[in-house]
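Below: the structure, in C-alpha cells.
In this document, chain identifiers A, B, C and D correspond to the written order of the chains, with residue numbering beginning at 1 in each.
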Amino acid sequence: MVQTTSRSSFLRLGKDPIQTFLYLAGGALLLYVLVVALGNVAAGRYGLRDFLQGIVLGLAQGSIYALIALGYTLVYGVLRMINFAHSEVFMAGAYIGFFAINAFSQTPESGGPSFLEQNTVLALLLTIIVGMTASSIIAVLLERIAYRPLRRAPRLVSLITAIGVSITLQQLFLRLFGGGTRSYPVVNLCFEPLQVPDQVDRVCGTAMNLLQGRYRLPIGEQEIIVRPLYFIVFAIALVLMTTMWFIVQRTKVGKAMRAVAEDKNTASLMGINVDRIIVVTFLLGATLAGAAAVMFAVYNPQVTPFMGFFPGVKAFTAAVLGGIGNIPGAMAGGLLLGIIESAAPGMLGIPSQLEDVVAFSVLVLIMIFRPSGIFGEALTKSRA
Amino acid sequence: MIGKNTLRNAAYVGVVAILLAFMDVYSSFGEKDVIADFFTLSQLLFYATLFTGGVVAARSVTGRGLGVSVLNGMVGGALVAAILALVVAFVDAVPFEGIRFVFANFSPLEGSALMQGQADALPAMILLVVIGAVVGGIAGFIAQLPLRIQNTLFGTVAAVVIIGVLQGQINRIVTLGDALAISLTFFVAYMAVKALGFKSNLELLLTGAGVGVASAILFGVAASMTGMERDTLLRGSQQLEPILLMLPVVGDLLSLLVFGGVFVLFGLYGAVATTLGRQMHDAGWYFMAVTLALGVLASARALDVPLALVIFVIFGLTFAIVPTLSVRATAIYESLPRPARTVNRRVFFVVVLVILLVVPPFMGASLANTLNLVMIYIIMGVGMNVMIGYAGLLDLGYVASFAIGAYTAGILTAPSILTCPGVVDQADAFNLLRGYEDTVLGLQQVCPGLMTFWQAWPIAIFVSGLTGMMLGVPVMRLRGDYLAIVTLGFGEILQRILISSTFKPLFGGPQGVGRIPVPTLGDIELARSTEVYYLFLLVVALGAVVVLRLASSRLGRAWRALRDDEDVAEAMGINTTVAKLLAFGVSSAFSGMGGALFGASLQGIFPNSFTLLVSINVLSLVILGGMGGIPGVFIGAFVLVGMPEILRELRDYRLLAFGVLLVVTMLMRPDGLLPPQPPKLSEQSTAHKQAAAGD
Amino acid sequence: MSNQPEILLNCAGVIKRFGGLTAVNAVDLKVGRGEIVSLIGPNGAGKTTFFNCITGFYTPEEGDVVFNGKSLKGARADIIARAGIARTYQNIRLFSKLTALENILVGMHQHLKANMWGAILGLPSTRREEQRALDDAMELLDYCGLTGKGDTLASNLPYGYQRRLEVARALAIRPQLLLLDEPTAGMNPQETDDMMHFIRKLRGDLNLTIFLIEHDMKLVMGVSDRVNVMNFGRKIAEGTPAEVQANPDVIEAYLGSSMTDKSGGKQKVEGV
Amino acid sequence: MLRTISRKALVILALVALVVLPTMAQEDLIVVEAGDDVVIGLAAVLSGEGLAPIGEDIVRGAELALVVRPTVTVGEVEFNVVFDVQDDLCSAEGGQAVGNYFAAQPAVIGVVGPTCSSACNAASTIFDQAGMASISASCTSPVLAQDFETFSRTVPSDAAQGADAAIFIFDYLGLSRIATIHDGSAYGEGLVNVLTEAFTALGGEVVAADAVTVGDTDFRSTLDGIAAGAPELIFFGGFPAEAARLAEQRADAGLGEVIFMGADGIKTTEFISLAGEVAEGVYISSPAAASTDAAAEFLAAYVEEFGIEPTGPYNTNTADAVNMFLDAIEAVGVINDDGNLEISRAALLEYLLAYGSEEPVDGITGVLSCNGDGECLAPLISFAIVEGGEFVTLEDVNVMDMEEETEEETEE
C-alpha cells in the first residue's frame, strides 16, 4: 500500500510533465550548442585568438552591464520589483554627461586648448560626477513620484507603472533634447610612463594613448587588438562595485538596507526609516548607472534617447544570470554576459546579427531553468 | 488666505510648464487653428497650462469660500505664468544657438503663445503674469461651481476643442441638412413618446416609425421644393442608389425605401431611447449632438467663432439635459418586464449595426483607414485582455503572435518559397538587375500563393494560437515581472529572426513578404480601406462575442480565479497549467487573427512593423480602458490609437502621452476608464426568473 | 476504539522540512469517514503546513498521504481537489475581484464539463449546464446563509460573510473531506457558536467528513469526535476531547499560554 | 418571433453592405475653382530616430522648388501651388495611412513621396486603386516601378546604385575582396544584395557578410568576425548612426586601414559630425549627380533660403518631382466654362509616365526621361569621398565608361 518514497526526487518526473519536457529540451539544446562549438573549434574556424579577442571585447561591455545590473539587483533585493525605468536612468546620465563634456571641450574664446584637452582626467572625472548626479536625481524623483505611492499596490500595478515611467523618460528626453544622435568628443590621454615604442600612436607618439590607443598583442602566430580603455573601464567598474559591496556589507546604511530587504515591517519597528533607505537604494543604483553611462558613452561615443534599452535589458539579463538581489552575482553575471555576447556568435558560427538573440536566449533560458541565477538570489543570506 | 500648499502645487504645474515650453509645444502648434482667426492649438495649450495651475491652486484650499478660491486660483495661475515668464527672460538673455543646441526642438519665441503678440520680452512677461492671474482666477471660480456644472462645462469645452482640432479630417462627413434631418427626427420621436406618455413596445415602435415616415416625407418635399437636393437629401441614400438600381427590383421604389428607412430608423431609435438603459440612452443623444455639430462644421470652410459658439451651445445643452433624461429613461427601462427590455435593446442594436454598416461611404478612405487601425488594435486588445485582464499575466512579447499571424497568412497567400522556391527571394533584386522583368511583373501569375486568404486565415489563427501556447510552456512557472521580461525577450528574438539573413528565404529578411493578394469575396476585392472595414467590423464583433462568452464561462472564471489567487485556484480543482496555456493560446490566436488581417490589408509585411512598441501600445490601451472589460478596450483603442492618427500634428507626442497616461492611470485610477462591472448572475438563476415571472 | 469507521484519510510518517527546520515531523494521523476530527496546537506547531501537505500545496519529503485508498503524495493540488478534498484558509483567501456567486462557481469547476468551444459557440448543452450550476450555486448561497449577497464582490463582503463564503466555495467542490483552517478566527462568541452549529449541520446534512484546525477550545471540544495535538512539528497526543484535555503532554505544550481562556478566540502562543 | 425578425434583418443588412462595397471610386476629374490653390500632396518621414533630417530635407527641397516656381498657368489663368505635407513614418503602416489620406482628398492632384520603400509600397497600392499619381524622390527599392502603375520616381533604383558601386569598387578602386554589412533595413539589405550580385559577377569576392541592429552601438565583435576574411573594403548599407560607429570601431578589429564605403543613406552632415575624424577617407555612392550647374545653383539657393546645408541627399530629386507635377498640370489642365481648372487624373498619369520619353528634360538632379514604368531619372551614380569634413565628389569617375570597359574585357 505504501508506495516508494524516493520516486519523485529526480526532476520530479511524473508530477510535472512540463518541467520534465523543459529539462529534456534544455539538455538537448545545450548538447547541440556544445557539439557545434566543438565542431567549429576542431575545424579551426574558431581558435584561441578568437576566444581571447572575444574576452577582451567582452570585458568593457560586460563591466558596464555589471554596473547597470547592480541597480536592478539592489532595487529588486530591497523592493522585490524590477525597476524597468533603470535603463532610462542610465540614458539620462549619458545625456546630461554629454552636455557637460561638450561644455568642457569648447575652445575658449581666447584660443588655446579647451579644458578637456588641458585637464583631461579632471574633466572626465567631472563628467562622470555630473552623469552620476543626473542619474541619481532622476531615480530619486521617480521613486518619490511614481513608486512610493504604489508600494502596497499589487505587483502588476507597480510593474505597469515602471513601464510607463520608462516610456515617459525616454520620450521626455526625445522631445526636450531632440532625436538626433549626439557624439561625445574624442578624447586622447597620453600616459608617458608607459612607452610603446614599436606601435606609434598618432597623437601620443610612443607614449601609450590610454583612451584612443589600439595595440596589437601577439598570440602565437596571430594577434589580437587591445585598447587600454577596456581595462580602464573594467578597473573603474571594479572599484565602484567593490565600494558598493563594502557599503552594503559594512556600513550602517548597508545593514539597514539588508534589514529592509528582509522585512520592511520589522525593520521599521527597529527604528529604521524605510522610506529613506529605499531612496538610498535607488540612489546607489542610479549612481552606478550614471557612472556606467558616461563610461559607455566614452567607449561608444554616441547618445540617443533610446540608448538605454539594449544595455538595460542586457544588464537585467546579467542581474538574473548572477542571481538577482546578489551583488557579487551581478558583477560576475555582467562580465559573463559581455563575454558570451562577443564570443558566442563566432564560436557557434552564427552571424553576429543574431548576437542579441544569444543574449535574449540566455535570459530566457536562465529564467526557465534557474530563475535564482548561477549564484543564487539574495541580498541577505537567509531567505525562505 | 493663501493655502499652505497653493504655491507648492502651482509650482509643480510650473515645472511641467517649463518642460512643455522647452519641448516647444507653445510655439510649434502656432499654425494649427482650433478656431479660425481666434485660437491656435499652441494658445489652447498655453491657456490650459495656466488654467491647470489655477485649478490646482484653488483645490489646495477647498471649503473656504468663493473669494479664497478665486484668490488662490489667481495666485496659482500667476505663479505658473511667472515661471513661464522666467523662461521668456532666459531665452531672451541666452544666445539662441546655445538653447537650440541643448533643446533641439526649440524654435524662436516670435509667434509663440508665450509672447502674446508682443515683440519684446519685458512687456510680454508682464502680460503673461496678468493673463495668468486672470485665467487662474477664472479657474478658481469654476472650481467652486457645483460638480455637475463643472462637468458640463469641461465636457462642452472639450467637445468644441476636439472638433476644432480635428476639423480638417471631419468636415465633410455629413451635410448640415442631413444632420438637421436626422437629429430632428430623433428629437421629435423622443419628445412625442414623452409627451404622449407611451410605454408599451408596440406604441413606441409605432410612434417611432410614424415620426420617421412623416419626417421622410417632410424633408423629402422640403428638399425638392427648395431645390437643395445635394445638400439636404441624405447623401448616403444617394450613394446607395446606383447600386440598388442594379438589383432586380424596381429601383426608384427601393431607393425611396432606403431614404425613408434611414428616417424610420432614427425615429425608432428616438422613440425607444425614452426607455433604455443609461449608456444606450445617452449614446443616442451624444450621437445626435455630434452629428449636428459635424453638420454645422460642414456648413463653412473652417470653424470660426460664430460656428464654435453654435457648437458650444449644442453640446452645452446636450450635456446639461441628458443626465436628467437619462435617469428617467433608465427608471422606466428598469421597471419594464424582461421581454420588453429585450425588444428595446434589440432595436438599439439594430440601429447601431445599421449605422456601423453604412458609415464608410460617409467617412471616406482616410477615416476608414484610421478606423481599421483602431479595430486591429481592438482585436489585439481584446486578446491581450484575456492575458492581463482575466488571467493576470503580463505579456510584453505580445507582438510576436501578431507577427506570426501576419507572416503565416502572408507566406501562405503570397508568392513564396512554398510555391516557387528560388524565384521569390531572388526576383526582387537580382533578376531585375539582369533584365528578367517578366519574373517580377508576372510573379503573381507565374507563381501564385499556396491558397486564398480565406483558407490561410484559419491556419494563421491556429498557428499563432499554437505557438502562443508553446511559448507559454516554458514560462508557465513565471509570474509578474519575470514573465514580462521573458516575453519581451521572445518578442525581440522573433523580430531578429524575421529580419535576419539566415531565414531570408522563408521570411524575406528586411524586405518582408510582398505581393500579398487582398481578400476577395466572389469577384469583389476587399482592397480599399472602406471595404476592408467590413471585414474588420465582422472580426471585432465576433472577437468581442467570443471573449464575452469565454469570460462568463467556466474557463473565464478559472482565469480570473487564478489571477486573484493562483494557489487557491489550484486547490479549487482548476488545472492552472491548462488554464494558463489556454489563456496564452486564446490571446495569441486573437493577435494572430489581427496580424493576418493587417498583412492582407497592407498587401505586404515588413519586419519593422513588429516592434516592442506594438506590445506597449496594446498594453496601454487595455490599461487605460480598464483591465478585464471589453468596452474599456474599445475606448482605449479609440483614445490611444484613433485620436493620434487623426491628430497628426500631435503624433510626435503620442508615446510621451502613453507613458504619462500609464503612470497616471496606475496612480489615480488603476481600474481604468471603464472598469468591468461585476456580473449580476443571480438575476439569471431559475429561481429569480420564476420569481420575476410570478410578479 | 470499538466500532472503527472506515478510514478516509490516512497520513503516515509525513515529514516536511524547510531548510534546517522540520515543520512537520513524522506525523501519523487517520480520519475516519463521517468523523469530525480536530487538530490543535500552539502557533507555529506546523498545523497549517500539515494541511498544505495534504492538499498538495507542499510535497512532503517523506511519508505518504492516502485518501480513499489512493496515495495523494506528490499529486498536484487540483488533482487532490478532484479526488474530493476541499479546504478553507486561516487568513481568508477568496477571489476578491469575483462576486460571491462566481466564487462558488469556481468551486464547481471540476464538475462542469463544458470546454472552450462549447462556450465560444454557445452550445445549448453548455448553456443548460451553466444554468444548472448557477441554480446549484444559488442554493449553496442560501444554505450558507448568504442569501442576497450573490452579486457582491467577495472583497466587499463583511468579514463573517467572507468566512461563510469560503465554506460555501469549498462545499461547491462537493468534497468527501472538508479541511477547515481556523474557521472561527476573528469571530465573536456569538458567531463562533453559529459556526459550531453550522459545522454539525454540515455533517448531518451532507454526510461530510470534517478535519479542522482550531484554536477555540470550546468549539473544538464541542464538535470533535477526536482531537489531535501537534507541537514543534510532532503529533504529541490523540484521543477524544476529554482524553486530550487530561493529557500531561498537551498541558505541557500549552504551558505559559492561557489554557484557561477557552472562549477567547485565537490564542496568542508565540512560537519559541 | 422578434428574435427571428431581428436575425433576418441582420442578414439583409449584411447583404446590403456587401452590395455597397464596390461603389466607391475616386472621381477622375479634379476641379480647382478659380482663386483656389492647387494642392500637391507631400509625404515624407518627419519623425523617428535619425530619419527625420532626411524627410525635412525633402520638404525643404519641395518648398524651394515652389520658391522658384510658385504658380502654374493654365490657359491664361494663374494658380497658386501649395503642399499638403504628411508624415509617412517610414513604415508600411505610415504609407498606408498617408495613402488613404491623400486618396480621400479630392483636391489633391498627386503626391510627391513617400520617403521609404516600405511606405511607397503600401501607399502605391492605394494610389493604384485611386488612380492617383505619385512621384517618389527617394524610394529606391527596384520592384516598385514595375509593381505599381501610378508610381514614378526621380531617383535611380538600388539596382542601379548597387551595380554602379560594384563597378566603382572593382574598377576604380581596383579592389576584389570586400565585406558587406547592412543594418537590417529594407533599404540597406536591398542595396547590399544588388552590390553583392554585381560584384561577384564582375569577378570580385565578397569575403564576409554580416548585419547589425539599428540602435546597437557596439559592433566590435561583428567587425572582428569580418576581419577574419581580410577584406580590402567594407561596404555598409544603412544610415549615419550605425555607419559612424562601424567606421570608428573598425580600428578596434584591426581594420583601421581598410576602406569604408557607404551609400546615399549616409550622405548627410550627420554622418560627418558623428564619425568625426574617422569619416575622413570614407567613400560614398549616391544617385545625385551634383556636379551639374543646375544642382550647384539649387544648392546655393537652398543654403540661402534655409540657412543650413542640406541635411539629406534627396532635395534635388524632390524638386525635380515637384517640377514634373507642375509641368504635368500645365500640360493636361483645362479651364472649363466656369473658369475653373479641370485636371483628369488619367491624363495626368499618362503624361507623367511618358514625361521626357521623347525629348529628355534637363532636371536639377540629372536628365529626366521616364521609361514608361515610372523610372524617370537616368541611373547616374556619383561617388564622393569625405575630405576635411566635407563630401568631395570624385569628378573623374564615370561608371558608364568603366562599365563598357568591363564589358569589353569580358568579351575578350
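In this section, a residue touches a chain if its C-beta (ideal position, glycine included) is under 8 Å from a C-beta of that chain, and two chains touch if they have at least 3 such contacts.
This one's a predicted model, so the numbers in the text were calculated from it and none came from an experiment.
Enquirer: Look at all chain centres (mean of CA atoms) and spot the one farthest from the centre of subunit C.
Expert: Of all chains, D has its centre farthest from that of subunit C.
Enquirer: Quick check on this structure: which chain has its C-alpha centroid closest to the centroid of all protein C-alpha atoms?
Expert: Looking at where each chain's C-alpha mean falls, the closest to the middle is B.
Enquirer: Between subunit A and subunit D, what is the gap in Å from one C-alpha centre to the other?
Expert: Comparing mean C-alpha positions, subunit D is 40 Å from subunit A.
Enquirer: I'd like to verify one number: the distance from the centre of subunit A to the centre of subunit C, where each centre is the average of its C-alpha atoms, in whole angstrom.
Expert: 49
Enquirer: Once you find the CA centre of subunit B and the CA centre of subunit D, what distance in Å lies between them?
Expert: 33
Enquirer: Would you give the residues of subunit D that are in contact with at least 2 other chains, written as numbers and ranges?
Expert: Within subunit D, residues 47, 184, 211, 213 contact more than one other chain.
Enquirer: Could you list the positions in subunit C whose residues touch two or more of the other chains?
Expert: 76
Enquirer: Which parts of subunit A, given as residue numbers and ranges, touch two or more other chains?
Expert: 179-180, 351, 353, 356
Enquirer: Under the stated contact criterion, what part of subunit A meets subunit B in this complex?
Expert: It is residues 18, 21-22, 81-82, 99, 146, 149-150, 153, 155-161, 163-172, 174-180, 313, 316, 350-351, 353-354, 356-357, 360-361, 363-364, 367-368, 371 of subunit A that touch subunit B.
Enquirer: Enumerate the contact residues on subunit D facing subunit B in the complex.
Expert: It comes out as residues 2-3, 6, 9-10, 13-14, 16-24, 47, 86-87, 91-93, 96-97, 100-101, 103-105, 118, 121-122, 125-126, 129-130, 141-143, 146-147, 157-159, 162-163, 182, 184-186, 188-190, 193-194, 197-198, 209, 211, 213.
Enquirer: Can you name the residues of subunit B that touch subunit D in the complex?
Expert: That would be residues 239-240, 242-244, 246-247, 342-343, 346, 349-350, 353-354, 357-358, 360-361, 364-370, 373, 427-430, 432-433, 437, 440-441, 496, 499-501, 509-512, 514-515, 521, 524, 526-531, 534, 601-609, 645, 648, 651-652 of subunit B.
Enquirer: Under the touch definition given earlier, write down the residues of subunit B that touch subunit A in their complex.
Expert: Counting only subunit B, the residues touching subunit A are 19, 22-23, 102-105, 388, 392, 394, 396, 473-482, 484-486, 488-490, 492-493, 496-497, 499-502, 577, 616, 619, 623, 652-653, 655-656, 658-663, 665-667, 670.
Enquirer: Would you pull the subunit A residues touching subunit D in the complex into a rising list?
Expert: 50, 53-54, 57, 61, 179-181, 183, 186, 214, 216, 223, 225, 227, 300-302, 304, 306-307, 309-310, 341-343, 345-346, 351-353, 355-356
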